[in-house]
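The following pair of complexes shares a single chain, chain A, combined with chain B in the former and chain C in the latter.
Entry: the complex of A and B
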């Protein structure tokens, strides 16, 4: 929906560079190396402060991934993903206090409960489209924020809400026994994030992904082609809610203590901004969005610069993305780099450049 | 269950709040009709205007000048955004146009947090001189500010309806609501009409910001996101009818405040706009009226 077609230009560009098979191999290799680096080397290299920040990056990359599925794949804009994250965190915290279940099971349950809630909200909302759906999610997020402010997050109390306002020694939300330290929990979060990315990747590469892109391009056409648009839209909602709920579960363990002020309404808007800036159409965009929304604030904090500058930057960024570069940074930066490389190459080999120009269509 | 006596003061505050929702809602509807933009930065612009006015009042500048600056600021920012980004995004879907105004919201929100930090825990307030004087009807205390809140809502709603119906500019706006291209072909200066709508909406944002700063709180976050409540009324009216927006705004305002004395739900009374808007949208979508909105064109 937010897309303009630059596909033709980019495919032409790609085929000229390398053959597809080599390209896939190189890409796979790069991903594996990056993952190994993120899992093994990064926690050794960084201070604890940045390890925590990178844990947040992993969590928010998954949240961005969920929103990316909705915005980039199906063309549904949700302005309430932080509320969904809060629901996931709430459910996980409640389960972690109430039971001694292993952590992965709790994450799964948090994801499933969030998925159920998201689907129940999504079912009636799917009758609405585009603008109205976005506005309804904004309203739902507002409502969830009010409910959470009033019920509070579980803090080890009893009853359904598990909140005890008079508790003096609030127990921290537990972490998995294999990952109690911050670097270990960071690795844990990255592994969970990888699993979520794989889950979404599988969806995109199979039937649902094709159905979603058909819906994004034209809903009436998708309907005419025999695609059950309601089911696939709901599926996207369910998938996005699931991964966001799991991310909420990881967040609960990372934060140890949860407060409703950790999930302010503006964060949903900032999230949409960074997802659009990162690029909603590629999985890399979600990683970029996670880095933008979590690593940059940590860096600025360290340098003593107010995060408000970042909010302003994101505001400018979202307008810029919508007006000039609809596919986001994940798409724009490599293209700009390639263009820059080409330009440099021309500067170096001036005579060669003229022949290349002659060949260019 | 509380007695009627307990509800009385909340009826008054509810009507006043409803009036402000109405004036915001009308501003949003008119802008949407003329330009196709749902102006989500409405609250942020008003909030920044109110904060500027507060700073100026603190510096000892005469109150009325500060209020005027607030309205001018909101109008100018909105107009500038409209002139720069309106044409750039004119051909995109309403969703993209609305999302772009979120960019403006973030810029203003960041700037407000930067310039008027809340970390010190200091509270700000704008008090209008009409706060302390008033009268009582049937033993209910009413301040003039509350009268202004409802009054401005009524006047703006009626005035806008009349403006759209009887003036040349209003007719042009209604024509643009139907079809921008055809309107342009007929010789209407489309850009100028749009600019007028942006300016009007911005000034209304300023008025709403000032009144809400007095009635609710002068706080960037609160005021910025109060636009959602105002939007609820506009949404119930499907972003079309001025009269329906007005009625919906009053209902939302009154219900929201009348729930306060009921203990079981008093914590959740702020959910009223969201719940009412959600129900309204779902009921309306059942009749498939939304599918014929601009989005399909």
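Entry: the complex of A and C
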């Protein structure tokens, strides 16, 4: 008797599990429309200046995505992600000068090499958390910046470092043949970003995502669930470094020329700030972080406002977000918009107000 | 059956468990004792979070202490925590699936997970986020995690702490069925004597790290040493 009720209950749940919620469909629709807009319409509408800025947004959205995995999913604070990006850019640049490999292959290789290096950087995370881990990763970022400043980025020279020592006659880093113009390269960057977001999405929705959530909330609970916390922490570093390395490869082609001053260690701190503001726990948060860190400076530049204001703005923004919206703008803005919509609906349809209230969660 | 022999745990100068020797046969066994008696320490030794200074634990013929902590779940050790540890960011389904997928025992994950959820009597959409649940339901999620797959040893650390009486009664009904459903040896730590007597055929009592009594629950609860450990003795 007990068994039959159990089975009945289980089938009932199964049917519930299978039916896709309308909310998911709506969400998927919105994402598809936004992506089509970003890929097809945006390059037509924007000037080259903003197309380039949007390419940077796509790149930094992926970098933010990687940091979001570490900070938001697993609770590991890294202040070295810009150094990881620089490593990816370095590897890609070296390969692009040294070989004639197709661009996607170079991106993959840059991602894999960066993954190996990033995972080594993650080793201290097995022993340290919070402030101490943040300090160690910041020091690694500083070390990478120093090494890059003395060895320089590859610029068509020979040897391991590929630096030709000259400031004239430097060949630009090549772009894929299908995307040599800026608008085409922007689309290329967006497609790569979509692939990286999908990669992370699949991780989050399956076994590693569950394991990371458990580790983030309680390591004893994770261990008691049979989760090898050591392996999953390194896995998070590997994934974050991989996507950041690929982003570095895209950056190399976008910039054409790479200089160590483009990757200062302090940018890693600003990156953490924008990721927290955008929402470290959400994939949308990474897009918001990309917009905040790359489009906003471009806008301010265009309007003639000093970039120093940005640092102040980000400082205030982090405090504001941490006190009033700990899950970031990506979580807070839709909620606020929904609340605003409800208010407007009440103002417009006074009699319908009661039903709207009844439906509100 | 698990056989604990001369188990000693020391934290600096404090001896949390002092040459504890006890055998838990089968079914649901109670483990009670005043605060600080060493109950949770004992669970932490079984989970592998604490390395004892000496002693052995043999579980179903295997040396439990030689296993790495996270592998013990795969072997069949499951537990709940004194402060409930349902993972808030995950859905009910994912909370249970997380344990199932790391126990590698074959079979369909979905059927396993859903049947564990319905076994504990959680009649809600499995996709519900745990952070929206109340305390009682979260406790049930933890119990579902403890029974999914093929557990061999289920450790429940004060599962009824902070629950209202009605929900405790509900939980007791679930706990009583765990051995029949899973075949696992279940050890229940709780301060709620009505819960312990409702669920456990046998009970062991710890006080200051020492085992002071064990046997059929009703007899143990009448034992003079147990009563005085809980209530103290009148000054002569």
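We take it that the second predicted complex is superposed on the first by the 324 of 361 C-alpha atoms of A that agree within 3 Å, B and C clash if a C-alpha of one lies under 4 Å from a C-alpha of the other, contacts with A are read in each partner's own complex, and residues count from 1 in each chain.
Please note the rule applied: contacts are C-beta pairs under 8 Å (C-beta built on N, C-alpha and C of every residue); 3 or more make two chains touch, one makes a residue touch a chain.
Computed from a prediction, not measured in an experiment: that's the story for all the values here.
Contact with neither chain B nor chain C is seen for A:335 once the two complexes are overlaid on the shared chain. By the document's definition of touching, neither partner reaches A:203: not chain B, not chain C.
Put simply, more of the residues of chain A are touched by B, taking chain B and chain C as the two choices.
In the superposition on chain A, A:174 contacts neither chain B nor chain C.
By the touch criterion stated above, A:136 is placed in contact with chain B alone, chain C being left untouched. Taken together, the two complexes place no residue of chain A in contact with both chain B and chain C.
Per the touch definition, chain B reaches chain A in the complex via residues 38, 85, 88-89, 92-96, 98-100, 102-111, 113-114, 221, 224-225, 228, 231-232, 235, 267-268, 270-271, 273-275, 277-278, 281-282, 285-286, 290-291, 293, 295. Of all residues in chain C, those touching chain A in their complex are 47-49, 69-74, 77-79, 81, 85, 87-90, 93-94, 97-99, 101-103, 110-111, 114-115, 117-119, 123, 125-127, 145. Remark: chain A residues 6, 9-10, 13-14, 16-17, 207, 210-211, 213-214, 216-218, 220-221, 223-229, 281 touch chain C in the complex.
The residues of chain A lying in touch with chain B in their complex are 1-2, 77, 79, 124-125, 127-132, 134-136, 138-140, 142-143, 146-147, 150, 264-266, 269-270, 272-273, 276, 306, 308-319, 322-323.
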